[in-house]
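Below you'll find the structure, written out as structure tokens, and then a few comments.
Chain IDs A, B and C follow the sequence of writing; residue 1 opens each chain.
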């Protein structure tokens, strides 16, 4: 049997107050080191799913476990990357990366070495003293990633992080993300609208249907690693993209 | 002219004659017995008899008599002559044409038990007054005093709260309010005791004096008549009107005020030549002396104003 | 014409046109009414004649304005923190703060005089009352309007309440605080002058600009009054400039409002 799952959900449901159910009967697993993408039409609860796993909001039913602990447990090392880079504009790039460390009480010396290393990893080693306002969208997202990795998380949740960027930047960041995962060994949950992105990044793709959000299909992505720009030209890749697109269309409302 | 043309002309003349001439008067304070002359004249119909319709505009703490009259918003105003002299020196087109009081009843209110007894005792003290009050400037220079001034708020509260307080006041009004509020009858350092002989006057702007001399003459006549009747006769017509004009005028207050006016001979004059004939009169010689004093004390720039230019007696009966 | 020169030149040109218009209007008035609008030259002469007096008065007014302003900053900082805690706190306190703000100064002035005495203390207190409301409102808004995403980020990293306040809410509120500060800096001199008119005293080195204005007005020295008004404006500009400089030094590195544009 494989090692205990990094993430395990069983029959999880979520509704806000007396509202309609957002998610219903979600059961899934993610293994350590896996990258799992979540695809679905608008309103299928993808973001809510991520927030449940992060422990930002409680489930209405079912169980969620992260590394064997309940979701939201302080000891579970989970990092979240939002749709917007959400950097603190009054802090330098370096200081932004150090924020989680600072909140955790780490010493300045440790903070400095970690932030230098991470900024190097995301290719911003010489921009440490810049302010967020001086950076491009892609650069800001890289800082956001570096910050997310600063506490060496075991699980990284990403909610459409590259959605606001242009195609070329997005593709490059996808490749960099995979490199970071290779180096860090964390498990990743990636919510996206883009089938191409989902196929490129993941080991598995979860397709959700909407109203309420349910797990419609699980699609394995048996493409080899490491995945590079070349991978996007492979027939297997293109075929998978077409297949997943069809699946997605099946659960998307007409028009 | 043909006979039938006379008729409409006559008719028109009659109509025109019937229409009373309007004069607006800006009072310097809320209506009080200091304005007795106006209200008695109005209540008794003296203005009407002279063919005048007089509108009395109440003033108050923020009363802007001089700007009002200088710009023509009001035709006539009540003010004190020395402040007016200083303003005339600045080029304001005003002319003083009748006296209200032969002596301005402004002065410094002093608590009965205060240590201040004479003007010299004001040294180093704080006086609640209108900033720039000429009398205070006069005292400072005459007695070589340094006195602190605190902005006047027109309430007796500050005065009542402090036994050593000194406040600018009107002799014929504030003492009443203070005794009403439970204080002892205050003493008064009056302007005439310091040799500061100011009038309270009626002023008008030069254009009005130029364009409507007959109305001004008629107005002055009726005013003097009203003042004399108020002081010598039965004041109740004025008092009724004053009560209507200002609800704060109680009978007790108005009687007090009138008694003070009579007692200090404010309208008829404290000097030897005082009397009913003096009501409303202005003495150019006194003005010349005032101007000289003010120039000496550095309050007035020499040559800026002369008695001849500042006042006129042509409208007095 | 190179750009920076044009920016300095334009107000000067407008100023000269304005002065010309002013002089023209003064001459156009009839002899009787000319006192209403002293000419620029008369105002300048009044400034020369009363220069020393106005300088002393400015120092006094500045003292009162700065004291009241500083007090307002200090109190509003604490009050804003309190108000940012919860909506219930805000609902309970806001109406009373507003009531204080809406009470006209001439009504508050005599009360202040009885409580703390006329002169600098009253002027400072009244200036404080005028200046602190925009500061409180803006700073409180800044403290509660923190970007939701950032708040969530801090939640994710299990930041404690004080960390959230110190490292997130307060820095995020700085631009709002400076907005309030600029408003307060503009109205503090005005408040001080009005306070002096109602609660001023000539103690010390003479009253301030407001006190002096009352004297000039009662003497119909209108040219001097204009000069006093101009001096008050200059005081306001000076305070404003100081706050702008402070604002710039705190925010220019990172705030969008200071982004260099090519226009």
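The working rule: contacts are C-beta pairs under 8 Å (C-beta built on N, C-alpha and C of every residue); 3 or more make two chains touch, one makes a residue touch a chain.
A quick note: this is a predicted structure, and the numbers were derived from the prediction, not measured.
Work out which chains are contact partners of both chain B and chain C.
For chain B paired with chain C, there are no chains in contact with each.
Just by CA atoms, which chain is the most central one?
C
By mean C-alpha position, what chain is farthest away from chain A?
Using the mean of the C-alpha atoms as each chain's centre, the farthest one from chain A is B.
How many angstrom between the C-alpha centroids of chain C and chain B?
Their C-alpha centroids are separated by 40 Å.
Rounded to a whole Å, what is the gap between the Cα centroids of chain A and chain C?
50
Could you please state the distance in Å, as a whole number, between where the Cα atoms of chain A are centred and where those of chain B are centred?
87
Which residues of chain C touch chain B once you look at their complex with the stated criterion?
31-36, 109-110, 113-114, 118-119, 196-203, 207, 211-212, 214-216, 218-222
Mind pulling up the chain A residues that touch chain C in the complex?
54, 56, 74, 78-80, 82, 84, 86, 88-91, 99-100, 102-104, 131-133, 151
Which part of chain B faces chain C closely enough to touch in the complex?
Within the complex, chain B touches chain C at residues 66, 70-71, 83, 86-87, 90-93, 126, 128, 130-133, 148-151, 153, 155, 157-158, 161, 205-207.
Provide the residue numbers of chain C that touch chain A in the complex, in ascending order.
Interface residues on chain C, with respect to chain A: 147, 149-150, 152-159, 163, 167-168, 171-172, 174, 253-256, 259.
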